[in-house]
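Shared chain: chain A. Partners: chain B in the first complex, chain C in the second.
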Partner chain A sequence: MSAVFQQYASDLAQQQFGISWLADARDGGLSAWKEHAWPTRKTEAWRYTSLLPVENEQWQLSESSAETLSQEALSELIDMDAYRLVFINGQLCEPLSSELPAEVVTFADANSEQQAVIKAHLSKVANQQKHLFAALNSGLLHQGVLLHVGKNQRLDKPVYLVYVNDKADAQLANTRVLITLETGAEAQVIEHYFTSTDQDRGWVNALTECSIAENASLHHYRVNLESEQSLHTGGIHATLAANARLNGFTLANGSRLKRIDYHIEHLGSGSDLQLNGIYLPRHQQKVDYHTCVEHAVPHCTTSEVFRGVIADSARAVFNGRIHIHQDAQKTLAEMSNRNLLTSDQAQINTKPELEIYADDVRCAHGATVSQLNDEALFYMTSRGISEAEARVMLSFGFVIELVEGVAIEALQHWLRPRIAHMFGQSDQLTRHIIHE
Partner chain B sequence: MSEQVEELIKKEYAAGFHTDIESETLPPGLNEDVIRFISAKKNEPEWMLEWRLKAYKVWQSMEEPSWAHVHYPEIDFQAVSYFSAPKSLEDRPKSLDEVDPDLIETYNKLGIPLHEQEMLAGVAVDAVFDSVSVVTTFREKLEEAGVIFCPISEAVHRFPELVKKYLGTVVPQRDNYYAALNSAVFSDGSFVYIPKGVRCPMELSTYFRINQMNTGQFERTLIIADEGSHVSYLEGCTAPQRDENQLHAAVVELIALDNAEIKYSTVQNWYPGDENGKGGIYNFVTKRGICHQRAKISWTQVETGSAVTWKYPSCILKGDHSIGEFYSVALTNNYQQADTGTKMIHLGKNTKSTIISKGISAGRSQNAYRGLVRMGSSASGARNFTQCDSLLIGDRCGAHTFPYIESAHPSAIVEHEATTSKVSDDQMFLCQQRGLDPEKAVSMIVNGFCREVFKQLPMEFAVEAGKLLEVSLEGSVG
Partner chain C sequence: MLTIKDLCASVEDKEIIRQLSLEVKPGEIHAIMGPNGAGKSTLGNVLSGRPGYEATAGTVTFKEMDLLDLDPEIRAREGLFLAFQYPVEIPGVSNMELLKAAVDARRTHAGQEEISAIDFMKMAREACKSVGLDQSFLKRGVNEGFSGGEKKRNEIMQMMLMEPTLCILDETDSGLDIDALQVVARGVNAMRSEERSFIVVTHYQRLLDFIVPDYVHVLANGRIVKSGDKSLALELEAKGYSWLEDEVA
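Up next is the complex of A and B:
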């Protein structure tokens, strides 16, 4: 079964006639894809997440589609001043996209200089031998976005990348982002994945590579709010040079299959990573976050916080790994993963891992799983708040701390009501937390 | 076939024992005939042989696990001898003077009494007869209470019903590769049965300590605590144990029926190999207990020996309100590797488990904690607390943590925390400024780090365990 799918995907890749100068990258990805053993339940990285939804369908690469979006879908866009690029079913939708600065370009429009940057960095950050779907992404590569910020430049507005899907059949959208920040550069990027219809059964395979040079700083936000029937496999891979900073934030609901991998490598001394994540699966949804932080050099810091509220019959997986190499002395690394289960059928599998080969380090991780605190609930109900409302408020309070760390105010404002409505669908239940 | 393994298997006792091949030792290799031979040697009934053969078939179909964070040359299971008769008295050293002085020095550091030293070193003198009389007194006392405590090979004959009923119920033959191997070829081990409502009148440790010689490399232990009973059992001892068998694969099964309590303490100090990582025992152990209603199983372990340790004492908390505990100190030095931890499987309502794991790595060793806490969908009100701390001494060692947490019930609460750090300079400064040399200071700090676990050990072993860490850490500072 699995081998059939692997062959099938290779055939799909061969049909792909994308940009000719990306042929090498495609070949590289495809050969890596073919060498991968198909994951089974015994494969450690896929222990809790089944790939059956991928195997069981005949995927077609999605073709270009609508020139615009429905009013409802448009209202889902984050209202802010940003350089916006909208992709519908994996294809760029120009009418909805804004004027782009020189720093942002699609692979198709890249000039020779930009092509050189792409060739220099593409597939260099993500390890295709280790990451199955990164290899597939390169194999199917036909389109992508480059954000390249020059030395000591600062992008004046955030880059807002929107990926909308609305396919009711088995269509695969393969998306790619490459971010290269030169020395001292600064940028903010938002990746927003959503589906404009609940019927969507499409699959998005997204890969983001970030190469962050010395003293550069990147704020990266990734929001995945897709329909329950959709599939998403995504990877965010970053390398940090000396004194570079990466501030990451991610929010996801669940779906039939949702797997997001963060892989960050500290390659230069003094680099700093802050990574916060929230996952809120409900109904029958599944969500799987795998994060891996490699400390290869001394004097780097990592702080990682993931929180999840798992409702109904949903299942969540969190696997956080921090690997401290032999010479990475004076590392400070902390990871915390806290989970709330709000129903009898909800399930969480979490595994915070530490692998440490240096002695002069301070590392800690913590993980908790529980339900809402009875005493807190009692306190609130004794103050005249209904139990249902108290539950919404406490769940919201459990995760909102991480949203408050988001540097873009417009994004914070957009996130708050959406998170609140995931806990309580009626305004009555969310009145205290949205309209303050 | 790795030459290293072969060499080690053939290697003479470093402690000065003779390894003359006796007529009753089987040549290396494993097949059905070997199992029949072992079974026949022990005069086992037919059903026991069947059981072993079934395990052997299962073992053949299994693959050696490779997921643990340890590396060692491939083991050739056909190069191992699966049966060797106990040494005869003539082969033993005649007095302590014939024993390796290094070994004696270690015994003295650990504060082991003279007659016990002789026992441990396998000296064939009067001391043995002395202890036989001690054993007899103990045995009378135990029999009075109705406690059965005998070698498992004897239990197979005397209490076949009990053995049949419980053997392999907690660790089935097909549980894992090494458990299957053990089930097929197990040499001997202990069998304990505590009748209903009986509180075992003594810690079985004392008895065991002078009676645990020659259990062989494939030890099998079965402890059954009937309703409302209580027993405390200590395995191993702090003294360094040398053994010509490089591969050890033991299985321990604990059964705590309603309201029973079993406390199982282990001090493991098998030969860890020399400072260059040469030699040493491979210790692949499967230990598991099952708790019925309101029962309690408590594992305490101090692991300082073995070149490679692969060991996860676990509790299946099947009955409502049952309790599982795991307290562990694992120390690795030089080239030792340990992948150890526990599994707490919560099935019953209001079950509780506590995991305290302290890992210390020094030299070039690798020390991993691997644990599983699973809250089943019926485990309402279950509670777990896990704390695993690692201490690193030296910049060439590794400390790793792989905790698996699986929860399928909202009212189950799981807390896990882990920290990794080195011996702090401040603490070292304080100790040295008070006149302690660095080595003593480190040992003091390490002892403090492990205190939570040591206080779970029976008193005399807690004292010895402290000294044991000190001895094991020698040469790791400076």
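Up next is the complex of A and C:
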């Protein structure tokens, strides 16, 4: 069955006329894709997430382009001063995109210098032998965005990448981002995935690679708020050179299949990773975060905090791994995963893993699973607040600390009401937690 | 205001309150004293509707309503307020958010408009000041990391903002130093009015030096065994509770 799907996807790749100078990257991806053993429920990394939604459809590559979006979809965009690129069903929508600085270019428009940068870094950060959907992404490589910031340069505005889908049928949008920061460079990137209709049954396979050189600093934000019927796979891969910094934030609801991988490698001494994540599946949604942080060298720090609120019959998976190699002395690494189940049917499978081969490190990891606190609920109702509103306020309170840590204020303001409305659909229930 | 008639109440099938009767009229302050385990806190919890505290017999009438029939939030909106013995810490929900939601709920229930954010801020700042809490407490998580004394002050601040008609203070004096005790008492005294009543539950006579009650009741073994005026509190302070228990037995 699985091999059938692998072959099917390979055939899809052959139908596509991709950018010619990326042919090698495509071939590499495709052969890695075909060589992968297809995951089953016995494959540890896919134990709680079924790939049947991928296997059971006759996917077509999404090719339709659109000139604009509905008012409703437009109002979902984050209102901020940024370099914006909008992709609708995987295709660039120029009228909605802004003028780009020299640092940002689509693969199709890359000049020879930029092509050289792309070829030098593409598929070098993400390991296609390990990551099935990274391999597929390269195999189907067509559209992509390069952000390349030169030595000691700082991009003056955030880069805001929008990926909107509105396909009611089985179309696959394969998206790719490559971020290369040279020594001492600084940039902020927001990747925003959403669907403009609840009927969307499309599949987005998104891959982001970040190569962060010495003393460079990247703020990376990833927002995945898609329809329940949609599929999302792929992940964010980054390498950190000496004294480089990555500040990551991710928010996702759930859908039929949503699997997001973070793979980060500390390759240079003194590098620092902060990664915060929030997942909020409800109804029948599923969401699966797998994170892996490799400490290969000494004196690096990792702080990773993921929180989830799982409602109704939703299911979430968090698998966080920190791997401290033998040479990675003086590592400071902390990982925490807290979960709030707001219904008896909600499910979380959490597995924080710490694998340590160095003997002089300071590491901590932990996971908790809890329900809404009855004492707090009574306290709030005894103040006249309805139980429904109290539940919304408590759920919101469980994750808001991480939102308040978001450095881009416009994003914070955008996130607050959207997160609140995931807990309570009516304004009556959210008006006291959304501050104007 | 409040009429309790032959109230029996259980916690986890264990009967704690046994045929308790009490009448509180508008403007009155009733002190309820008694030894550990007498059922003092249970009374406050039953009246405020805490889940798990079940009234098994008797009636409680509050402003001509069957109190026991109301959900906790309705009781609060109707003007019943319980100052907790152990206020709960709620990280992630700010004091300000909780207070605004509480005040709005009470106002909406009374058919009034919700208070504007600016007016509320003004009110809240003033309430903070009058209980000696820094304004930064409004932005912090509810009771999060507050000291024992700060939590109790916060309870009194909430009470001021909610303007209840019946205030139940459940051992608000426990764990307070003398300064905090005076702050709490000042808050209560400032709120005294002909329409507002208080039930002050306490172990010690000390609080009653500052909040002078109209009546003092001794609760033992789930029922009121003796009632009197404020001099009863002094007598209890001098003699303890055991003579009463003997007298009743």
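Details
As a working rule, the second predicted complex is superposed on the first by the 435 of 436 C-alpha atoms of A that agree within 3 Å, B and C clash if a C-alpha of one lies under 4 Å from a C-alpha of the other, contacts with A are read in each partner's own complex, and residues count from 1 in each chain.
FYI, a contact is a pair of C-beta atoms (placed from the backbone, for glycine too) under 8 Å apart; a residue touches a chain by one contact, two chains touch by 3 or more.
Just so it is clear, the model here is predicted, and its values are computed rather than measured.
By the touch criterion defined above, A:P352 reaches chain B but does not reach chain C. By the touch criterion stated above, A:H365 is placed in contact with chain B alone, chain C being left untouched. When both complexes are overlaid on chain A, the residue A:Q71 reaches neither chain B nor chain C. Contact with chain C, but none with chain B, is seen for A:I400 once the two complexes are overlaid on the shared chain.
Of the two partner chains placed by the overlay, only chain C lies in contact with A:I433; chain B stays clear of it. Taking chain B and chain C in turn and counting the residues of chain A each one touches, the greater count comes from B.
Look at A:T342: by the touch rule set out above, it reaches chain B but stays clear of chain C.
After overlaying the two complexes on the shared chain, residue contacts for A:Q15 are found with neither chain B nor chain C.
On chain A, the surface touched by chain B in one complex and the surface touched by chain C in the other have no residue in common. The touching residues of chain A, when paired with chain B in their complex, are 44, 326, 329, 339, 341-371. On the side of chain B, the complex with chain A involves touching residues 67, 375, 377, 390, 392-422. On the side of chain A, the complex with chain C involves touching residues 373-376, 378-387, 389, 393-394, 396-401, 432-433, 436.
By the touch criterion given at the top, residues 48-51, 71-73, 75-77, 82, 84, 87-88, 90-93, 97-98, 100-102, 104-106, 109, 117, 141-142, 158, 162 of chain C touch chain A in their complex.
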